[in-house]
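The following pair of complexes shares a single chain, subunit A, combined with subunit B in the former and subunit C in the latter.
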Partner chain A sequence: MIRLLTEPFSAPYMQRALVEAVMLGVLGGIVGVHVILRRLEFMADALTHTVFPGMAAAFVVGGSLYVGALVTGAISAVLLTMLTRNRRVTSDAALAVLLTGFFSLGVILISRSHSYTADLTVLLFGRVLAIDLTEIAVTAATGIFTLIVIWMLHKELVLRSFDPIAAEALGYRVVTLDLVLNVIITLVVVASVKAVGSVLVIALLITPAAIARLIVARSVAKMMAIAALFGAAGGWLGLVVSYEGSVHHGLRLASGATIVLTLTTLFFVSLLVVVVTRFLRSKNSQPALTDSDFVLSGDAFPVGP
Partner chain B sequence: MTSLGSTFSSPLMQRALLEAIMTGAIAGIVGVHVVLRRLSFFTMSLTHATFPALVVAEILGMSLLTGTAVFGLFVVGIIALVSRVRSVDSSTATGVVLAGGFALGVVLISSQPGFSRDLTAFLVGSILTVQTADLVTTASAGVVLLIALALIHKELVLGAFDPGSFAALGYRVLVVDIALLIIIELTVVTAIPAVGTILAVALIVAPAATARLWTDHIGVSMAIAAGVGATSGFIGLVISSRYDIAAGPTIAVVVATAFVVSTVVSPRHGWISRLRITTPLTTRA
Partner chain C sequence: MSRTPALELQHVAVAYDRLIVLEGVTGTVAPGESVALIGPNGSGKSTLLKAILGLVPLQAGTLSVLGQTPQRARRSVAYVPQQDTLDPEFPVTVQQVVLMGRYRRIGWIRRPRQADRDAATAALAQVGLADQANARFGTLSGGQRQRVLIARAIAQESRLLLLDEPFNGVDSATQVLLLQVLADLRASGVAIVMSTHDLSVAHIACGDACVLNRRQVAFGPVDDVLTAEHLREAYGPNALAIVSSNPGQTDV
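Coming up: the complex of A and B.
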C-alpha cells in the first residue's frame, strides 16, 4: 500500500508534479473556505474563465502565461463590478455572459494558431507532468503571499462573511475586503492554471472546502486545516491513480482531471459518511446542536464589491 | 457583397447558417425563463455535466440526444439531492458537481485515441460539420420545446414571480420545476453542435439578458431574445468564415457584445440614460 503511494514518484518529473499538486491543493483548500463562506462559487468559476484570453494571448505571442492571466484577471474584475451594478441584470446572468464571452475570445485567439486543438487542450486542462522548477517557485511564492494576507486579514474576512453590517459598523471597509478576496482568488487561479488548466481550477477552490464544511461547521480555522489536508490528499492520490492507470493498466488518464475526479470522489464519500452518521445519531438521541448551521449573508450569488 | 454571396453558396455553409439561426432562436426563447429564475449558474453546471454524457454516448455509439439528455437529468437529480444535506448549500453542490462532471468527461475522453481533436469539438462545437440529419434533429427539438413552453407558459411565469401564490393556487411546484429543467437540458443538448458544451450557456443566457434590458414584457422579451440569438448566430458564423477563426466562440462573442452594448445604450436601463437622469449609480444595496 505504502509502495503504491510512493512508487510513482521516483521519476523527477513526477516529484515536481507531486510538489505542485500538493501545494495547489493546500492553497486552493484554504482560499476555497472563504469562497464557500461568501458563496462566491460562480464568481470564482467566472474568474477561471476570464483569465483564459490573457493566457491565450500570451501563448500566441510566446509571453509569460502568468502575466497574461493577471492582466485579464484585473480587467475582468473591473468589468464584473461594472456589469453587476446594473440592477436590471441579475449578477448571475452578467457573470454567465462575461464568462463565456471572455472564454470565447481566448479560443478565437488560439484558433488562429497552427496546432489549434493541441494548444487549446493544454490551456484548458493543464499539464501537471510538465511543470518545471520555475513554475514551482512561482506557485510557492504566490502561495506564501496569499496565505500571509489571509492570515493577517483572517478576523476581518470572517466577520465580513458572517455579518457584513457589523463589519461596516466597526469601521472596516467592506468594499476593500471584497476586493482583497477577489484578488486572492484570481492569484490562486493564475497559479493553478498551468498545472490543472483553466477549466478544472474551480474544483481545487470549491471541492476541498466543501468537504471541510461537511466535517466541521464551527471553526473557520479548522475548516481551513481540513480543506488543505483534503486538497493535498486529492493531489497526491490523483497523481497515483493517473500513474497506475497509465503505466500498469494501459489506461491513459489525464492527470489534472484525475486529481479533480479524486477530489469529487472524496467529497461524495464524506457526504455519505456524514449523512449516515447524522442519521444514526439522530436515531439514538436528540441532536446536540440545533442552531449549528452557518447563517450566510448576502444574495444567492453576491459578486465582488 | 460578392464575398458574402459566395459564403452562402456552399451547402456546408448553408447548413451551418441554418443550424446557427435555429439554435440561436430556440436558446434565446428558453433563456428568458433561465434569466427570470436566475438559473445561469445552474445551467452552466448542466452544460458542464452534460459533457461526460456526450463522451459516453460517442464512445458507445449511442444517439447524442438521448444519451446526453438522460445523463443531464441524472446530474440534476444529484445536485438536488446533495443540496438537501444540511451544511452543503446549492451553489456549493452545483460547483462540486460541475467540476466533477467535467473532469469525468476529460478522463473518459483522454483514455481514447484522438484526444485533442474530439475534445475541441465537444467543448466549443463544430458547426461546419453539421449534417442534414442534425438540422432535422434541431428543428424537431425546437418545435417540441416551443410547444412545451407555450403549453405551460402561464404556470412558468407565475411560478417564477410568485412561488407562494403559485403553490397556494394548487399547482404542483415540483412538476413545473422539473418540466422546466427538462426543457433547459434539451436546449443545452440542442445547442452543443453549434457552440459546444462550454459555450451553450452563452446562447441561452446572453440573448435573454439582453432582451430584459429592452422590455418588461415576457412575450416581447422572448421575441427579442429569439431575434438576438438568431442574428448573433448568423453574424458570428459569417465573421468566423471571413477571418477563418473558430465558429462557436465567435458566435458567443457576438452575443456577448450585444449584451454589453445594450447595458450601455438601452433607453431605460442603460448607463447613458441613467447618467442623463442623474440617478446615483450606487442604488444597489
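Coming up: the complex of A and C.
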C-alpha cells in the first residue's frame, strides 16, 4: 500500500507534480472555506473563466500565462466588486455577463493560433505533469502570500461572512474586505490554472471546502484544516490513480481530471459516511434527539468510515 | 453618568438615490433611556437605525451620537440584528459570536486575549447562557440566539444599543428574560433604541416611543405618543386591528 502511494513519485516530473498538486490542494482548501461560507461558488467559477482570455493572449504572444491570467483576473475581480455595488445589477447577472464575455474573448484570441485545439485543451484542462520548478516557486510564493493575508484577516473575514451588517456597524469597510477576498480567490485561481486548467480549477477551490463543511460544525479554523487535508489528499491520490492507470493498466488517465474526480469521490464518500453515522446515531438515541438537519428516507446500509 | 445625550436628532431626513424615505425626525435619548420605534413595514425604522450607525448619509438635519458624529461613535454603539437573518448552519460557536463584539477593541491581526474571553463569558452569563458557550450558534432557539446577540453587544461595552425587532419569533418566557436583560442595561446607563411591532413590549421596555411612517408622526413618552390617533396616522384607518394582529415582519 505504502509502495503504491510512493512508487509513482520516483521520477522528478512526478515529484514536481506532487509538490504542485499538494500545495494547490492545501491552498484551494483553505481559501475555498471562505468561498463556501460567503456563498461565492458561482463567483469563483466565473473567475476561472475570466482569467482565460489573459492566458489565451499570453499563449498567443508567447508571454507568461501567469501574468496574462493575473491581469484579466484582477480586472474582472475589480469589475465584479464595482458592478455589484449598483443595486440594479444583481451579482448573478454581473457574473454571467462577465463570465461569458471574458470566456468568448479568450476563445477568439486562442482561435488565432495555429494549433487551436491542442492549445485550447492545455488551457482548459491543464498539464500538471509538465510543471517546472519556476511554476512551483510561483505557486509557493502565491500560497504563502495568500495564507498570510487570510491568517491576518481571519476574524474580520469570518465576521463579514457571518453578519455583514454587524461588521459594518462595528466600522469595518465591508467593500474593502470583499475586494481583498476577491483578489485572493483570483490569485488562487491563477496559481492553479496551469496545473489543472481553467475548467477544473473550481474543483480545487470548492470540493475540499465542501467536504469540510460536511464534517465540521463549529469552527471555521477547523474547517480550513480539514479542507487543506482533503485538498492535499485529493492531489496526492489523484496523481497515484492517474499514474497507476496510465503506467500499469494502459488507461491513459488525464492527471488534472483524475485529481478532480478523486476529490469528487472523496466528497461523496464523506457525504455517505456523515449521513450514515447521523442516521445510526439518531437510531441509537432517543427520538427527541433526532438530528433534524438530515431527513433520510429508505434504508441506509452501515458503512465504516 | 455623563450628561451628553446618547442620541440627539434634529429634523433628520434620509434618502436613498434622492428618494426621501424618512424625514422630520427630531428627538433626544438620554443615557439609560429607551425608545421604541413604531411604524408599519417600510416606514423607515430600519433606515433610522442605519442612519444612527452612520451607514446611510443624511439628506437634511443633524444627528449626534454620544456627542459625536455617527461614524466616530460607532465603537460605542452596538447593533443587534434580527437573529433570523443569520445563517444557522454557519460554523461558529456561541462564544465566538459574543467575542465578535470585542473585535474593534482587539484590533487588526491580533487574536482575542484572556480579558476578551472573560468579557465574553461575563456577557453570556448576564443573558443566562453561560452553559451554552460551546454550542453552535445555529442550534439554539430563536430567543436564545437573540440573547447571544445582545451578549455580543454587552461584550462590546457599548453605551447605545440598537435593536432591530428583538422580540420577533421569541416565546413569552424568553420575552420576560430579554426584558430583564434590557432593564439591567438601562440601569447601568446604556441607552436603547429598538424597532418593534409590539405595542405592549414598547410600553414595558421603553419610556419613550417614536411613531414613524416615512416621517415622524410623534416622539415622546409612550403614554402620550402611542395613542389611537397617532397609530391611525402611521398605519391607516385600521391601525388598531393591524397593530394587534401583526406579529412583526422584516423590513430592512
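In this text, the second predicted complex is superposed on the first by the 275 of 305 C-alpha atoms of A that agree within 3 Å, B and C clash if a C-alpha of one lies under 4 Å from a C-alpha of the other, contacts with A are read in each partner's own complex, and residues count from 1 in each chain.
Definition applied: a contact is a pair of C-beta atoms (placed from the backbone, for glycine too) under 8 Å apart; a residue touches a chain by one contact, two chains touch by 3 or more.
These numbers were taken from a predicted model, which means no experiment stands behind them.
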{"item": "First (subunit B), second (subunit C), both or neither touched by A:M152", "value": "second"}
{"item": "Which of subunit B and subunit C A:V220 touches, first, second, both or neither", "value": "second"}
{"item": "Partner chain in contact with A:S161 - subunit B first, subunit C second, else both or neither", "value": "second"}
{"item": "Partner chain in contact with A:V274 - subunit B first, subunit C second, else both or neither", "value": "first"}
{"item": "Touched partner set for A:L37, first subunit B, second subunit C, both or neither", "value": "second"}
{"item": "Which of subunit B and subunit C A:A93 touches, first, second, both or neither", "value": "first"}
{"item": "First, second, both or neither for A:L170, with subunit B first and subunit C second", "value": "second"}
{"item": "Touched subunit A residues, subunit B compared with subunit C", "value": "B"}
{"item": "Subunit B versus subunit C as contact partner of A:E244, first or second or both or neither", "value": "neither"}
{"item": "Subunit A positions touched by subunit B in one structure and by subunit C in the second", "value": "87, 213, 217"}
{"item": "Subunit A partner contacts - residues on subunit C that touch it in the complex", "value": "17, 53, 55, 71, 74-75, 77-79, 81, 85-87, 90-93, 96-97, 100, 103-104, 106, 108-109, 111-112, 134, 136, 152, 156, 162"}
{"item": "Subunit B-facing residues of subunit A, complex", "value": "36, 39, 41-42, 44-45, 83, 85-90, 92-101, 103-108, 110-112, 116-118, 120-121, 124-125, 199-200, 202-203, 206-207, 210, 213-214, 217, 251-254, 256-258, 260-261, 263-264, 267, 271, 274-275, 278, 293-294, 296, 300-301"}
{"item": "In the complex with subunit C, residue positions of subunit A that touch it", "value": "37, 87, 152-153, 155-156, 158-159, 161-163, 165-166, 168-171, 213, 216-220, 222-223"}
{"item": "For the subunit B and subunit A complex, residues of the former touching the latter", "value": "35, 38-41, 43-44, 82, 85-89, 91-96, 98-100, 102-104, 106-107, 110-111, 115-117, 119-120, 123-124, 198-199, 201-202, 205-206, 208-209, 212-213, 244-246, 248-250, 252-253, 255-257, 259-260, 263, 266, 269, 271, 281-284"}
